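Both of the next two complexes hold subunit A, though its partner changes from subunit B to subunit C.
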Partner chain A sequence: MSESAETPALPKVRIATTSLAGCFGCHMSFLDIDERILDLMKIAEFDRSPITDIKHCSPCDIALIEGGVCNAENAHVLREMRANAKILVAIGACAINGGLPAMRNRLDVGDILNEVYRDLDGVQSHVPNDPELPLLFDKVYPVNEVVRVDYFIPGCPPSADAIWKYLNDLILGRMPRLDHSLLHYD
Partner chain B sequence: MSDTSEVVLQALERRRAEPTQLLQILREVQEELDWISPETTHSVAAGLGIPATQVESVVQFYSFLYEQPRGRYRILVSDNITDRMLGSLTLFEHMLKRLKLRRAEASADGAVSVDLTSCTGMCDQGPALLVNNRPVTRLTARRVDEICDLVRGDVPLAEWPADYFRVEDNIRRADALLGSRYEPGSGLRAAIALGRQGMLDEMKRSNLRGRGGAGFATAVKWESCRNAPGAERYIVCNADEGEPGTFKDRVLLTSFAERIFEGMAIAGFTVGAANGLLYLRGEYRYLLEPLEAKLESMRRDRRLGASICGAQGFDFDIEIHLGAGAYICGEESALIESLEGKPGKPRIRPPFPVTAGYLGKPTVVNNVETLVEATVVALQGGRIFAGHGTRHSAGTKILSVSGDCARPGIYEYPFGVRVEQVLKDCGAADVVAVQISGPSGICLTPDEFRRHIAFEDVPTAGAFMIFGKERDLFEVARNFTYFFAHESCGFCTPCRVGTTLMRDALDKIADGRGSRYEINELMRLAELLRRTSHCGLGQTAGNPVRDTWLKFRPAYERRLIRGDFDPAVDLDAALTRAREIAGRDDAGAHIGAEQ
Partner chain C sequence: MSGTETAIVVDEIPVPFKPGQTILEAALEAGVYIPHLCAHPEFAPHGSCKLCTVIVNGRNASACTLKAAAGQEIEVDTPDLHAYRRTLVQMLFVEGNHFCPGCEKSGNCQLQALAYDSEMMTPHFVEFYPHRPVDASHPDVLIDFNRCIQCELCVRASRDVDGKSIFALVGRGMASHIVVNSPSGKLGDTNFSVADKAAHVCPVGAILIKRVGYAVPIGERRYDLEAISEEASRCAGEEVR
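Coming up: the complex of A and B.
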């Protein structure tokens, strides 16, 4: 047997993650894969993510998006992730449906801002208008209404096992599939 | 005593204060009071000894029952694709404008409301509308103006020109069923002469299959019901003809009612049932009085009641129940739920109705046309009946032909007729597609017009909608998808959510924001609905989109964007309100389109 038969090492899979209008619960759940993250690091590396603190996304294989789209910054981040990722995954209830933050969708965003900022006696009497602050959208939108989404991992949050299974399927080129045991919450 | 409680009390009394009559009671009360007020809900609940929530669940389920005042004139414009092809939407908008109304909102003086409704079964004489459940056919701009004047003048419906309410049979081709002379009572006497077992044997020989679409062997259904344990049995006639584009049962109910009733009695005789129920769709409310009169006269001639035609032990009578605007009630187990006064949600089967149907008793549910065919079998015998049609589809089939053709109406053919033959007979030229058996059926293109109408090739419940070369099949599919999203009963998630997602994706494409992504989503959803829905509604709801994507792909493609994806929302517009409140207009307060 010749030595050249050895499989050449595959380039590492590059993963980016972000939390938009979410609670970071999906990221926490992702960290719950515990020591399996060491196995993951043998075949993958992180791009933009709270784990690396890289601020902007560069070309990558998989982008995991937590949370819905509630303000202009969310939309910019999401677009950047989409432009750079081969596969974009919406993870968790907020990314898929808007989730809890979307409970404000029944109300007028102007009324909400007034209620929160303007009517505070003696503390503050105007809605913040600093150009550094991202403006709120009229509603919180699910990710798939703003960019194309390739896969959805349901759950609030999805369990570490569900995320682990899904990521492994994606990395190994299998159609991701979660069994009932990874999908039910009662 | 207030008006409301008096009306409720009378309805309760007429309906023996039975909870199974809840839907009928509400329908009758609304005819008097124009809507179901909280006061009505509570008196009905108290009168029946059931929770108010149970009454509310029924009111909320049925489109024709109103929890909010909708005016003394409640106008519903039929929104089938065939109505649209005749200009119904323009007339609808015109009517709203003339009456200064918004869709589905009652006018300030409480006089009138105007809304859309699913197909009213007047496709061969549309566009059509219902005013307080009475059909007005052949609408024109002039007729709409006249109706607006009558409404504004507060003219009672009884004084409107009778011509408005004229409904034609339009029988264009008659065969063994529509073309034969029928002597009243002859079917009953023939069945009595054959005896119960003899009649069942003839049914078996006839190979008669159900005409409602599924094509189940009628004799097998009757025999299973007869053999099911239980003392009481029921025969139910399914006259909830809701499949858009179908109107043949309306014609049978108008001009062949006695044969339907005799068919029901023959079924009762054969399986040993003494009770018959006819479930009439709410859109055909105008047929109730004529049908009741027919029942009365049949009782007088001993063709219904005790010892029918003098045969000892042959007792059978029929009660008519009305629906209230729910397509799903055409599904037999949903229909039975509705007969029991509940929201029409399909049951989990088995058990099948033949063993546990109405009130849990063995029940035969047959289509109107099937029951009329039973009288033909009784008279001719099964062998002659089986001699017509094709090997697996005995007898004839009544088609409801509508759309782009010179002579829309009712056509009866022996099974096996080619689609192109029907098109020739009804005077259709330059046809690009025919939708067979309604939205849940199949869309055929010219290369398939040599196919046969029969269970072994193209099965049908009767609808035959023709689309000429000017028609846009994308809009056809969108209309059908709206129909399913509206009619989904909400019981199972794939159908409740899936039909709405499909509708929204089609809207996005229609809006010029759709891409291949939406197409992929539509195909995935259609497959998901087919595999996981609880009943036929959801299982077939994706058919129109799948068929038209396969056969009319360019109609979709010319609407798709060149790019990969377009947001469903205009993001910059979605920032407008926040810009206003924060008083900002800097570059960061805007978000452009993606590069």
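Coming up: the complex of A and C.
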């Protein structure tokens, strides 16, 4: 019996991904699902993502957000993805609590820029002010302090198996859950 | 009939107790896990973290401070208590600066292990990002107050075991913090030693022994291998921790 003859093909699950103030480690870990991506591509397709190089997000089912929000561009991208995604998932330590970039949060951003670009021995230049550069925020914000977040996958990065399990649960409509072996913050 | 005089009931399991034992002590000895953080088998209970909250005959109580008594029916593993403990852990995370990927204690940390156990996926609350200093003045031991949860185990150990009273908790509310008893306030100016009990009781990554941080790789550590609740059940009666 040919299933395809009777069941019309389901529309593909549309997944958007982005790396904000992250290191792309979560995306690399996502790609570590290796050949399982072929199974994923049978039922899903990518919207905006470094994988497709599509620059703007259109309506999609799942948005995976790596990294916290450290500048104005991050906030624009995140809001666009929130506006378009049915389910928004914060993935990785930086998206969840700002991560290592947020260790600058107790310092004044102006002091940091002056220290790094102007005052450091051997640098003695000026703080870059090209209008193309996105404005740095005073702090690095976790994603859930900027938009509503539906789910969180912790880890630095979460393992490919953790991402795979979570994504499967979401796509198949199960309550997403990571057991002890897949739940890590480091 | 035997045993009801000297047993409590924890999640419908009869748990024997010796006179003077707390609910937590009796339960751990019997291999019945009750989450706890500021309690330590070698020290007087502190009763501050409230992670050991259980329901005793319908009322909330701290298992680490309440003595076991005949007739107690105790609930531990309920969805409501589970959620309540997760909320407590989340508050502890946002009150400090807990960046586990950069913490030497990751995998050996009891706060993190309790967060795993309560399936904390996010600290949820708005981060405080407090400004807390690091004290690296001592040759063998580092204190990173960013991760201190003010459990006072170092205070108790230094005072009650080492007889040095090197640590104290001062201030109130959000301003409360651990101070070091030396004119400079630095650990390097005390007679603190890496052999002190207080160097080895911190449940989180606040008091760290220098130069051994990554002797065991991330991913192969205590709570990477086994959930804290499973370890407690397996090691019933032994002094784990």
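We adopt the following convention: the second predicted complex is superposed on the first by the 173 of 186 C-alpha atoms of A that agree within 3 Å, B and C clash if a C-alpha of one lies under 4 Å from a C-alpha of the other, contacts with A are read in each partner's own complex, and residues count from 1 in each chain.
Convention: contacts are C-beta pairs under 8 Å (C-beta built on N, C-alpha and C of every residue); 3 or more make two chains touch, one makes a residue touch a chain.
In this text the structure is predicted, and so the values were computed from the model without any measurement.
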{"item": "Superposed partners subunit B and subunit C on subunit A - clash or fit", "value": "clash"}
{"item": "Which superposed partner A:44 touches (first subunit B, second subunit C, both, neither)", "value": "neither"}
{"item": "Contacts of A:98 with subunit B and subunit C, given as first, second, both or neither", "value": "second"}
{"item": "First, second, both or neither for A:185, with subunit B first and subunit C second", "value": "second"}
{"item": "First, second, both or neither for A:139, with subunit B first and subunit C second", "value": "both"}
{"item": "Partner chain in contact with A:177 - subunit B first, subunit C second, else both or neither", "value": "second"}
{"item": "Touched partner set for A:147, first subunit B, second subunit C, both or neither", "value": "first"}
{"item": "Subunit B versus subunit C as contact partner of A:127, first or second or both or neither", "value": "first"}
{"item": "First, second, both or neither for A:108, with subunit B first and subunit C second", "value": "first"}
{"item": "Which superposed partner A:87 touches (first subunit B, second subunit C, both, neither)", "value": "neither"}
{"item": "Colliding stretch - subunit B into subunit C, listed as 165-173, 309-317, 381-389 or 489-497", "value": "489-497"}
{"item": "Set of subunit A residues, in rising order, touched by both subunit B and subunit C", "value": "139, 145"}
{"item": "Interface residues, subunit B side, partner subunit A - complex", "value": "515, 517, 564-565, 567-569, 571, 574-584, 586-589, 591, 594"}
{"item": "Of all residues in subunit A, those that touch subunit C in their complex", "value": "90, 93, 96-100, 102-103, 105-106, 139, 142, 144-145, 149, 151-154, 156, 177-178, 180, 183-186"}
{"item": "Touching residues on subunit C, where the partner in the complex is subunit A", "value": "93-94, 97-103, 106-107, 112, 115-117, 119, 121-124, 126-127, 129-131, 218-219, 224, 227"}
{"item": "Of subunit A, residues touching subunit B in the complex", "value": "72, 75-76, 79, 83, 108-110, 113-114, 127-129, 131-132, 134-139, 141, 145-148"}
